[in-house]
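Read from first to last, the chains carry the letters A, B and C; within each, the first residue is number 1.
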Amino acid sequence: MIHDFGIVWSERALLLAGLANTAILSALSAVAALLLGFGLAPALMSKQPAVSWTTRGFVDGMRCVPFLLFAYIVYYGFPTFGVRLDNWTTGLAALTIYNAAYMAEILRGAWVAQPREPIEAGIAFGFSEIRLFRRIILPPLLLSAGPVIGNQMIQIIKDSAFLTIIALPELTHAASSIQSRHYVPFAAFITAVFLYWGLCLVIEAGVSSIGRVADARR
Amino acid sequence: MSGGDIAAIFQGAIVTMALSFTGILIGLPIGLGLALIRWANVPFLAAIVTIYVSMLRATPLVTLLLLLFFALPNIGVPIDPVSAAILGLVMNTSAFNCEVWRSALMNFPRDQYEAAQSVGMRAGQRFRRIVLPQIILVSLPGLVNEMSLLIKVTPVLAVVGVVDITRAAVRIGAETYEPLPPFLVAVALYVPIVFALVSLQRWIERRQMAAEAVA
Amino acid sequence: MAAFSKVLDVAGVSKRFGDLEVLSDVSFTVDKGETVCVLGPSGSGKSTLLRCINWLEQPDAGQIYLNGSRVGINSAGTVMSDRDLSQIRTRIGMVFQHFALWPHLTVLQNLMEAPVQVQRRPKAAVRDEALALLAKVGLSEKRDAFPAKLSGGQKQRVGIARALAMRPDLLLFDEPTSALDPELVGEVLVVMRELAREGMTMVIVTHEMGFAREAATRVLFMDHGRAVETGSPQQFFSNPETERAQQFLQRYAGDIAAMRR
C-alpha cells in the first residue's frame, strides 16, 4: 500500500495539474456564472411576461437537467451549430451556463429578502445609478448571499468532475489515468478525494469569514 | 433512432429509478443515525461522523464511484457494479441527509423536549413520540431537495458500467454516430422526474408555511 | 419674486394610487427657520406629501419649489433625469421612520458616505464634520459600531446626524419616532427640539402632539388627502377652526385622558 502511494507521489505532477484544472475551471465558471446571474436575476423579476417567463423557463430547466447530460449536449451540440471548441472551453461553457441559472435564482432570493428602506435612503441622499448599485445595494446583497454562493461553488467543483467524461484533464481524470496505468486505484482515488476535500475546506473557510463579516453587521 | 433504441433508453431509466430509490431508502435512516450521533455528541464517534460527512459532501459522485468500484477489489473487497453503485449512492445521500436532519434537530424547540421529560417520558419514548414525528415534517422539503439532487447525479452510474439512461444513450450514440438525439431523449426523461420532485418540494413548503400562518 | 423668500413652496400637489386619491390639491409654504409639523389621522396622505417633496413619489399634478428651484421637472417641462434629481436631493435631508441606516457601514461611515460619494467633498473635512455631528447627537462613542448593534433611539439619532451631514436647506422627518419604544422617543425629540431652536428649516410628519405643541412654529393639519387647516400651534390646539380638526383633537384629548386615568 505504501508502495502504491509512492507511485501516486511519483505522478504528482499529473495529479497537481488535474487539481489546478479543477480549481481554475471551477473558479472561472463560478465568476462567469455569477456575472451572468447578475444579468439574469433582473430578467427573472422583469415586469414583462415575455422576459420573465423565458428566463424562468431557462432557470427551472437547468435545475431539472442533470449536469452530466447537459455537458454531453453542449459537447455534441455545439459542433452541430458550427461552434468548434476544445474540451476545456466546452467544459467551461457548460459549467458556466448551467450555474448561471443557479446564481440567478440565488441572487433573486437575496434581493427579495433585502429591506427596501436603506436603498430608499440612498436615493433620498442623492445616490443614483451605478453609485447607488455599487455602494448601497451590492455590499449588503453579497454579504447576505455569501454562504449560499459558497455552497454553489462547492457544487461547481463537484460538477467539474463530470467533465472527465468528455476527457477533460481535471482531477478525477488524472486519478483515473494514474489508476489505469499503474493499477493503484485505492491510493489514486483516495488522494483525489482528499484533494477535493481540501478545496472545499478552503471555500468553507472563505464562506465562514464572509459569514463573520456579515454577522458583525446584522 | 429506432423503437428498439428508445426501449433501451427506457430500460436504462428503470434501472436508474431502481438504483436511486434503493439509495434513498437506505440512505434516509442512515443519515438520521449520523445526525443523531452528532446531535447527542457521542465522544469520538461524533468527530468521526463530522469528518466523514464533510469529506463525502466534498467528493464528487464520479470520484466516489470510481474509488469504490476500482479500489475496493484492490484492497481485497470484491464488489460488482450494482453494489458499488448502491454503496456510493447510500454513502453520498446519507452524508447530505445528515445535514438536513441535523438542522431540524438543532432547531427543535427545547421546551417541547423538556415538557416530555417533565411528564416522565423516557429517552426512547421522547424521541419516538415527540421529536421524530416533528423533525420528519420539518426535514421534508430538505430531504425531497436532496432526492432531486440525487436523481440528477445518477447519469454518472454509466461510469461504473451499470446500464443507465446515460449509458444507453452513449451506446446508441456510438452505434448510430448520431450522439445528440439519444441524449435529448435522456434529458426528456430526466427533466419531468426531477421537475416532479422539485414541484413536490415546493408544494410541501407551501403547505407548511400555510400551516404555520394559521397556527 | 415671492418664491425666493420661501425655502419650500408646494402648490396644488395631487396624487392618486390607482383609484385612491391620496393627495388633493395640497398647497403650503415653508419659510427659512420654520418648523412645520404635519398632523392628521392615518391615511391622510401626510407621508405621501413628504415623499413628494424629494420626489421619492412622483405627484400627478402641482409644483414644488426648493429655494426657487423646481423639484422633479426640468426647464423643458419633462421629468428630471436621475442625475438632476440627485442634485436637488442633496439639498433636502430626510429622516426615515425605520431609520434606513446602511447596514454594511459603521455609524461614522454612514454619515460620511453621501457627502463624500455624492457631494464629492474632501474626506478629511467630511470626517471632522461627521464627528462633530455625532457629538452633537450624543453618540461619539458609537462611531465605529455597526447599526445593527444600536438601539432604536440611537439609530434614529444617527439618522438625523446623517441627514445633517449633507448640510441640507431643508430637513424632512417621516414619522421619526413612530417605530420607537416609548422610552426611546424622548432622546430623539430632544435632538429635534434643539435643531428647531437653532433655526433649521424642518417639515415633520408626526403623531407626537406634545412635541408639535412645543416645538412647531406652524401646524399643518391634513385629512383625506387635503390640507384642511394651518396655523400656529397655540391657535390650532386650543382653538381649531374646522370641524375635522376639532374631531381629531378631541380624540387626542380623549387618549390623553384615558392614559391619565
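Here is the rule we use: a contact is a pair of C-beta atoms (placed from the backbone, for glycine too) under 8 Å apart; a residue touches a chain by one contact, two chains touch by 3 or more.
Predicted model only: the values in this text are computed from it and were never measured.
With contact taken as defined at the outset, chain B and chain C are each touched by A.
Top contact pair of chains, counted by C-beta pairs, is A-B.
Averaging the CA coordinates per chain and comparing them to the mean over all protein CA atoms picks out A as nearest. Centre-to-centre separation between chain B and chain C, using Cα means, comes to 56 Å. Annotation: 46 Å between the Cα-based centres of chain A and chain C.
Inter-chain centre distance (chain A to chain B, centres taken as mean C-alpha positions): 21 Å.
Interface of chain B with chain A (complex): residues 54-55, 57-64, 66-67, 70-72, 74-75, 151-156, 158-159, 166, 169, 173, 179-180, 183-184, 186-187, 190-192, 194-195, 198.
Listed in rising order, the residues of chain A touching chain C in the complex are 115, 117-118, 120-129, 131, 135-136, 139-140, 143, 216-218. Across the complex, chain A is touched by residues 54, 56, 82-83, 85-87, 89-90, 92, 94, 96, 98-104, 113-114, 117-119, 146-148, 162-163, 166 of chain C.
Taken together, the chain A residues at the contact with chain B in this complex read 1, 60-61, 63-70, 72-73, 76-77, 80, 154, 157-162, 164-165, 171-172, 175-176, 179, 183-186, 189-190, 192-194, 196-197, 199-201.
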